[in-house]
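Here the chain labels run A, B and C in written order, and each chain numbers its own residues starting at 1.
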Amino acid sequence: MIRTINVKTTTRTEFVDITSRVQALVEESGVQNGTCIIYVPHTTAGVTINEGADPSVVKDIQAMLSRLVPRSSGYLHAEGNSDAHIKASIAGSSQTLIIEGGRLVLGTWQAVFFCEFDGARNRRVTVKITADQT
Amino acid sequence: MIRTINVKTTTRTEFVDITSRVQALVEESGVQNGTCIIYVPHTTAGVTINEGADPSVVKDIQAMLSRLVPRSSGYLHAEGNSDAHIKASIAGSSQTLIIEGGRLVLGTWQAVFFCEFDGARNRRVTVKITADQT
Amino acid sequence: MIRTINVKTTTRTEFVDITSRVQALVEESGVQNGTCIIYVPHTTAGVTINEGADPSVVKDIQAMLSRLVPRSSGYLHAEGNSDAHIKASIAGSSQTLIIEGGRLVLGTWQAVFFCEFDGARNRRVTVKITADQT
């Protein structure tokens, strides 16, 4: 089963918690045991897993990435968003999660975040849910 | 098959080679051809693949990450471990390995490392081994 | 189905677009719906997904990684390529792609890049293509 999650970002850099939307797709699929690939088909956005309880954590991640990869730095790519491309490769384009007993296997504090690095935009996340062979 | 590897770390930052323990689970599973997802359910730890022969390599990785992401840097998150959260997102929460002929497909020098960024702690690694459809 | 793509790099740092070669393997496999694991069995190289249209983008990624992780920096590992090992762990050793209708699911601007950080060398990329259970 492949589904698309639509994410509307409202600022240039923003991490959006999509955990409950991915979990809802797992439930829709009916898959009890399997895997879930979360794939971002954009080159200036990514996906990461980190703490969802305190929103300061992902703000710290965003701030550090912006300190390490400044918006302007003599880049060759002329569109003014090279920093966003670089951050996307650091964060990564996909995450593979385990499904057990109809639930995503996540640690107590873990959440799945869509990582916007060049918003505000309308974005898509592709989710593929596969059942284990029975 | 889903199994848990328990890892006891002894310092704040530490990479623990878990390759032989993952390979032992592959053998226990009896899977000849398939995939192996190594998933870290923590938000201040990760998993990476790099050289296992010379222990200096992972020490260099840890030192560079600590230089890039200092322990104190005006972080918002008040628990004093924002650096560990950031490093976890840079390293990544999971790795997907190929199983062929009952063995993990790894390069000559590759090993799988649990990456502790906020130890010492008792940690878990979730390993899911899936056989190909036959 | 597991296949090897051979990549010959010509400089120390170089990103090689392997998208069409991976897609050709998907076609050879005949798999309509499934997954494709792209695995780099080296410890000084990686694989990333980013923009393939403007070659400046991956040049900017390479330049920023080299600025963040300098070639010399008091490293312990004595082979003079610690920077390459560190960059490999930042980029990551593998990518998991979705196959739908016999095609890799990639965004409009996305391409798959083999990331050489310690060339020139002859390198290998392992590609595993798995069909969904039917």
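Throughout what follows, a residue touches a chain if its C-beta (ideal position, glycine included) is under 8 Å from a C-beta of that chain, and two chains touch if they have at least 3 such contacts.
These numbers were taken from a predicted model, which means no experiment stands behind them.
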item	value
Equivalent-chain rotation between subunit C and subunit B, CA atoms, steps of 5 degrees	120
Fraction-based call for subunit C against subunit A, same above half, different below	different
Length of the line joining the C-alpha centres of subunit A and subunit C, rounded to whole Å	20
Residue numbers of subunit B (touch at least two other chains)	68, 90, 92, 96, 133
Of all residues in subunit A, those that touch subunit C in their complex	2, 37, 39-43, 68-69, 73, 75-79, 82, 85-86, 88-90, 92-94, 96, 126, 128, 130-131, 133-134
Parts of subunit B lying in touch with subunit C, wherever the complex brings them together	35, 48-51, 54, 56-57, 59-61, 63-65, 67-68, 90-92, 95-98, 100, 105-110, 132-133
